[in-house]
Amino acid sequence: MFIGSVAEDKKTEKRVAITPDLVKKYKSLGLEINLCTDYASHLGIDDKEYISEGANILSNDEVIANSNAIVQMNIPSDENLKKLKKDQILIGVLNPYSNEQKLKDTIAKNINCFSLELLPRITRAQSMDILSSQANLAGYKAVLDSFAYFQKAIPMMMTAAGTISAARVLVVGAGVAGLQAIATAKRMGAIVFATDVRIASKEQVESLGGKFLIVEGSENLETEGGYAKETSDDFKKKQEELIKETLKKIDIVICTALIPGKKAPIIITKEMIQVMPKGSVIYDLAAIQGGNSELTQVDKIIDNNGVKIMGEANILNKLPVSASNLYAKNIFNFVSNLYDKEKKNFQINLEDEIIEKTKVK
Amino acid sequence: MEIDPFIFRLSIFILSIFVGYYVVWSVTPSLHTPLMSVTNAISSVIIVGAIIAALAGSSEKIFETSNIFGFLAIVLAAVNIFGGFLVTQRMLQMYKKKKK
Amino acid sequence: MTANLSALFYLISGILFILALRGLSSPETSRQGNYFGIAGMAIAIIVTFLSVGNFGEGFIYVIVFLIIGGSIGAFIAFRIPMTAMPELVAGFHSLVGLAAVFVAISAFLKPEAFGLGNIGNIKLASLIEMSLGAAIGAITFSGSIIAFLKLRGIMSGSPITFKGQHIINLFLGLMIIGLIFYLCISQSNNIFWSIVMISFLIGILLIIPIGGADMPVVISMLNSYSGWAAAGIGFTLENTALIITGALVGSSGAILSYIMCKGMNRSFFNVILGGWGATDQSSNTKSKEQKPVKSGNADDAAFLMKNASSVIIVPGYGMAVAQAQHALREMVDALKKNGVKVSYAIHPVAGRMPGHMNVLLAEANVPYDEVFELEEINNDFANCDVAYVIGANDVTNPVAKSDPQSPIYGMPVLDVEKSKSVLFVKRSLSSGYAGIDNDLFYRDNTLMLFSDAKKMTEEIVKSL
Amino acid sequence: MFIGSVAEDKKTEKRVAITPDLVKKYKSLGLEINLCTDYASHLGIDDKEYISEGANILSNDEVIANSNAIVQMNIPSDENLKKLKKDQILIGVLNPYSNEQKLKDTIAKNINCFSLELLPRITRAQSMDILSSQANLAGYKAVLDSFAYFQKAIPMMMTAAGTISAARVLVVGAGVAGLQAIATAKRMGAIVFATDVRIASKEQVESLGGKFLIVEGSENLETEGGYAKETSDDFKKKQEELIKETLKKIDIVICTALIPGKKAPIIITKEMIQVMPKGSVIYDLAAIQGGNSELTQVDKIIDNNGVKIMGEANILNKLPVSASNLYAKNIFNFVSNLYDKEKKNFQINLEDEIIEKTKVK
Amino acid sequence: MTANLSALFYLISGILFILALRGLSSPETSRQGNYFGIAGMAIAIIVTFLSVGNFGEGFIYVIVFLIIGGSIGAFIAFRIPMTAMPELVAGFHSLVGLAAVFVAISAFLKPEAFGLGNIGNIKLASLIEMSLGAAIGAITFSGSIIAFLKLRGIMSGSPITFKGQHIINLFLGLMIIGLIFYLCISQSNNIFWSIVMISFLIGILLIIPIGGADMPVVISMLNSYSGWAAAGIGFTLENTALIITGALVGSSGAILSYIMCKGMNRSFFNVILGGWGATDQSSNTKSKEQKPVKSGNADDAAFLMKNASSVIIVPGYGMAVAQAQHALREMVDALKKNGVKVSYAIHPVAGRMPGHMNVLLAEANVPYDEVFELEEINNDFANCDVAYVIGANDVTNPVAKSDPQSPIYGMPVLDVEKSKSVLFVKRSLSSGYAGIDNDLFYRDNTLMLFSDAKKMTEEIVKSL
Amino acid sequence: MEIDPFIFRLSIFILSIFVGYYVVWSVTPSLHTPLMSVTNAISSVIIVGAIIAALAGSSEKIFETSNIFGFLAIVLAAVNIFGGFLVTQRMLQMYKKKKK
């Protein structure tokens, strides 16, 4: 059986779905790899490297024609999508909410589409959990970028020429990205505060050395899947006051709060930004889902009264190598779960929660 | 100036209590079980009394009631002496420092 | 043998016993200590023979009985499995207690042989000493029997309490005092026997209300009793060896039980006086079906790891919560100084965030080349002496390999159970993120260290 | 007496020589402050802030005309220089080697020029030591920027989607900038190596958790002032081999090696760069002094065989607020040493080693 | 008073002495321990009066002399400055030694009064006991006098050695044994006096080769001698109190000197046998003019800080070199648990890089609000009990304030010397970056803790 | 069966040595100086001997040579008793746990 992958739109996506070190692993499962030319050259990975691991380098169309399963980062271009044939399998982050029509058409052709952001958050699925693996790096990168952008030094330094006090960082939302942001900011020497609606996150924040801002009388807004629910108005008001008070002394804000399937909650309002010290930075990882800050605009740096608000469509384009490594491993784990080694074919076993939930219907 | 030997014995008794008190405080907790077992073995010095009891009286009538109790006590104490020290020995084998 | 000479030798044997206990203070000298004890005992026995000086038929019988008893003892000692140690010690105690009773009876029946006066006219002091010796011996005997039965599982380990227990005990205790007083006046056989009988009863009543978990304390306390009994007899027989040893055993046993109580965070008096502690305890144990776990303290852990040749550290979320990484690093440093090979095994999902453990270990400056991921290290557990699992739970749970129904089925787990011993540092038996019980807690080669991860690790450092 | 400062050329210099919090301190010495309009507005500091602290905001010419001493970051523009009058004092980083003629002319007008990079490295001068205060921040910023630029994540992360191994950083030259670079890289979780010619630096590197690369049979090339000497050819060869071997596994190189008054030593040769892994980054802080890497070009990012080499003329323009804070404090300490509080004037006491050595002759 | 009753009371007084020493095991019970000692002494004296039963004129004189001696003692005790403690104890020892000699002489002169036989016909055992008591007493006396003179500075503190010293000591020792043997045969006065005289000489010869630094060990050893002397006399007088106390003091003194040697990393025998250690020592001390420093160990430091109400930590480059930040953090945690207020004082140029200390403290998770820069905290030293200077040197050197010639003149420094005590953790007396000596090491309120910063701090954590 | 009291005294002596041994091990090092001072004070029980020596003999001739030595010993020991305990007391004042 053949696994194929074609180049993404390299302008908007720098990550790839198959890295050279995984080719061997696929082969040991009995799977062959087809890739298009210049597949990952923008990451400094020559086609030669893939070939030496045993992959086939073909043209774009050949890859699609000769592969039983196509693994991608994003949904393929309309052109490529049309080239898919019956019984082929498409795996990637297909974003079924925004690509509803396209996917409907594809499925209609009896093509099995699996979208990995639909993975259930069960223990067994952790090794395929692309949301975790990518959010983790996003949290890291957001901190690094905002620190690099910030006009002051982050750690406390007591020097002969006076003291630089430690920067104060607020992390909004302590999920996977938020926790990694806390860890990264903390190790750079920042004083880190964090807020979340899930009660369990308090302990988690503290286990990384962050300070948790507790909204008084807060209920636990955790769903069974470990995600957050929307908040009540009362809660929102209390949270607002607390955050506004805190923001007066915050240098950098990292926003990561999300509610699955919904617009990201607005947490940093315009008024709050007014009270922030000049020169401070807000990095909004939720930008593409609407942003946690009221003023966020995707891929733009907004200067509001000296406060810079930034947020990118795809921050991981700036960390493409690490992000690809983890993503490709996730995909590999998903594929090996789908592939029946004995029967040597793909088994779409809908009793398997992982397969059932990720399959786009 | 003759002092009753009882006073001496009392002194000895009390001083021994102090020794016992201190000796145990200095034992590492991981050796508490062997310690218990060794003190158990030691407490069978009662066999001294048992032997005296067994051999008390004339050597003809060796099985008077009192002697019989003595002999019984000897058996009991002997079980304890041998059992106690050997078991301690076995336990302590486990604590042998490995060779490096 | 002159009285002086034998007194001198008894003194020597007493000193050897002291040295025996002293030897136990460290593992290096402990075996030497045991030899001191053996030597002391040998001297005491030989001196007794020589000073009695009666080498007739009786002597032969003594030897015979000694050998019979000795063989039984040796046989038991070799045969008993190491796990049955506590009940064995309890059983042995009962013998010492009974022996003391017998000696006292013998002295009472034939006082002239011990130089205590004549029947019906025994010296007052001797009478008191001997009846006290008999009473304490009897309590030791019956108490130890109960402890033995409880530990062996023949009798239920749970505390048996009933109303008025303490009053009855108090009453019986007072009764013994009264009877001894009366004995001194009447020198009556019957009263002497009654004292012995009532003491047997007290022994039983004292121990039944004490729960199985407290048995080690009880055994040590009974040990102490047997010492006092021996000392009592020693006064009767005017024998220095018995007095020294009796006092030694008596006080050391009492202190040991006190130390053990402190170590277990239990009130000494509650344990010794049985039933009083029982109420608090039962409420704890009700909630859950109780499988037996072995729990230890920092010293045990330190001892195990110090003597291991390789240790693998398995950190989990609990380490992060307790912020135990610095203490952990220090512990590892100490172990390395002891020549132990130490590595860290990091499960891919340990903690609550990808790379959670890495952040913390890096903070504590753990060198990267000691940190291994699951696949690199999982085979090493089979060759490792101790797995030190600190605040991890789910990532070690073997149910992931065996039970398809389990929510964590299919997740790779660290095979900690393959190492010779597993130490689990966590605060309770409660479950981790996945909310499922971990079978490893109840395994034979697992020692639970119930405590905050940082606190426990610091304590281990101290005792290393 | 009046201390004045005029705006720098804001295109090439974002730092300023007087920050608002120091105005009060100057006043407590009995000194008045004259600043030109929009003095630090590019740092988000309004003129109002200076005024509220008690400074006078004047025009450029007024400042120069009415101040007894002019404190600057760099040497003033030729225009401004010409406006200086007899007995005025000029303090800054005047770079007497490259500005020899200009300074000669100025001194000829009986203007006292003090260039702070000439400060003797004695204990008492530490609080005025601008080289230390700026190098320190440069070391920090070089690491942060190169990490942000690097396409992989720095710290080790063992995750369900595989392991990211820790990045390996080499710091060349363990002076003030180098040590801060080591500390910063270390706290981010990198594995840090460092090399230097001064033997004392081994212990210093290790005190920050770095690994020191010892050139075998190395002599101590430390001058009495604590600076480095040029190396012998034999030493150079050994150092080269060692570094080449090391570089095969290095992800990021931070270059900080300098020899005072000389061109920076070339340490990373072209051949060495060939062996470095693709995607690795060399940040050359010595760029403006010629660079420690053979391929360094100021303010450009060179891509050589997948290795990126970068170096800026003034990295501290990216960290202007912290850098100004420390610089301004250094200047203040220098001024208070120069000023006689009792006589209420500036005393050019040439017996004072600090004054003697910094005075441009 | 009957002999039995007085024996019983002597026993009680002996037990009280044991309890006195026991009380010293922790600061909380120590004063109580002292009271036990006083009580024991009072009982011993009163019982002696009662059992001698001679309340004539002599009794009045006894009381008078007691009061005279007591007043002198009390006067000295109140007047002596605390710093002169060691020599005071040495001085007191000499008195005990001399008293023992006098009692022995008295017994020798009038043996019948003590029930030891008659002049020229003293019991053999008593003769041996009494001459041993006198000899040891005499050694204690003259040895203590030498120790006193050395400590007081009247005699040079450096070891006085000469060739053949050990041979002479050996010879004199053998001579004493020979003389005692001869005394037993001849019962001659002269020989008894010779024994006393030679013992005085031995005492002197034993102590002169011992250097000033080892004096505390010597004092403790002399203490031990005085105990043995008392025990010897106790045997002579058949007095239980003297025997118990003598043995107690004798063994505890010996053990204490052993422990102290271990604590100072010195060989016990080298110290006790004087001169043998001297050669190694002198080579060390030659190089530099030796100003006296007080050096302590981890326990001292722990004790001082535990009982402080505020401690300021002053880290320097040495902390970085030793990577002691984690241990330091742990120490501070332990102190805070003890209710001590702790802050960190960071000098602007501590370490070798701007912000060096900050990096390390942040790594150890020290909260930022406990970290203060020089200007913020410098005034607090005056109100702080202990400054814990860990691997810092130049940044505390007061010469920067006082000596314009010094290379660091003009640098602001941390005023650690204003705190009640200063603990300096460093490996030696050597200088820091600036290469200049630090006068603080030699101050009265400074205690040097010579060790690697990490090791020392870890040890302090252990003993906290 | 009469035992020489010397044996008893010897036992007492030896046991006391053990007690002394253990007692000291359990003393915290920071209390070593007071410990030394208190043992010093205690060692002046020699005053018991001194009193006996001073009062020995008939009550008429109270100043025979032997008595004089006794009286001298009393003075010396008394200095030590009072001085020793008081100094210890002073030292221990310093170790008073501060109030919090």
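The letters A, B, C, D, E and F name the chains in turn, as written, and every chain counts its residues from 1.
Please note the rule applied: a residue touches a chain if its C-beta (ideal position, glycine included) is under 8 Å from a C-beta of that chain, and two chains touch if they have at least 3 such contacts.
Computed from a predicted model, the values in this text were never measured in an experiment.
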Farthest chain (mean CA position) relative to chain D: B
Copies chain D and chain A - interface residue numbers shared by over half, same or different: same
Pair with more cross-chain C-beta pairs in contact, given D-E and E-F: E-F
Chain at maximum distance from chain E, centres defined as averaged CA atoms: A
Averaged-CA centre spacing for the pair chain B and chain A, given as whole angstrom: 73
Where chain B and chain F are represented by their mean Cα positions, the distance between them in whole Å: 34
Cα-centroid distance, chain A relative to chain C, in whole angstrom: 56
Rounded Å distance between chain C and chain F, as computed from the means of their C-alpha atoms: 40
Multi-chain contact sites of chain E, meaning residues that touch two or more partners: 14, 18, 238, 240, 244, 323, 348-349, 354-355, 359, 362-363, 365
Overlap residues in chain D, where contacts from two or more other chains coincide: 126-127, 132-133, 136, 155, 157, 159-162, 164, 187, 189, 209
Chain B residues counted as touching two or more neighbouring chains: 3, 5, 8-9, 11-12, 14-16, 18-19, 23, 25-26
Every chain pair meeting the contact rule: A-C, A-D, A-E, B-C, B-E, B-F, C-D, C-E, C-F, D-E, E-F
Chain C-facing residues of chain A, complex: 122-124, 126-127, 132-133, 136, 176, 179-180, 183, 187, 203-204, 206-209
Residues of chain C defined as touching chain B within the complex: 13-14, 17-18, 20-22, 24-28, 30-31, 33-34, 37-38, 40-41, 44-45, 48-49, 52, 54, 56-59, 61-62, 65-74, 76-78, 80, 82, 85-86, 88-89, 92-93, 95-96, 98-100, 102-103, 105-107, 109-110, 113-114, 125, 216, 219-220, 223, 226-227, 229-231, 233-253, 255-256, 259-260, 263, 297, 299-300, 302-303, 307, 309, 339
Residues of chain F defined as touching chain B within the complex: 3, 5, 8-9, 11-12, 15-16, 18-19, 22-23, 25-26
Parts of chain F lying in touch with chain E, wherever the complex brings them together: 5-6, 9, 12-14, 16-21, 23-57, 59, 62, 64-67, 69-92, 94-98, 100
Residues on chain F engaged by chain C in the complex (per definition of touch): 1-4, 7-8, 10-11, 14-15, 18
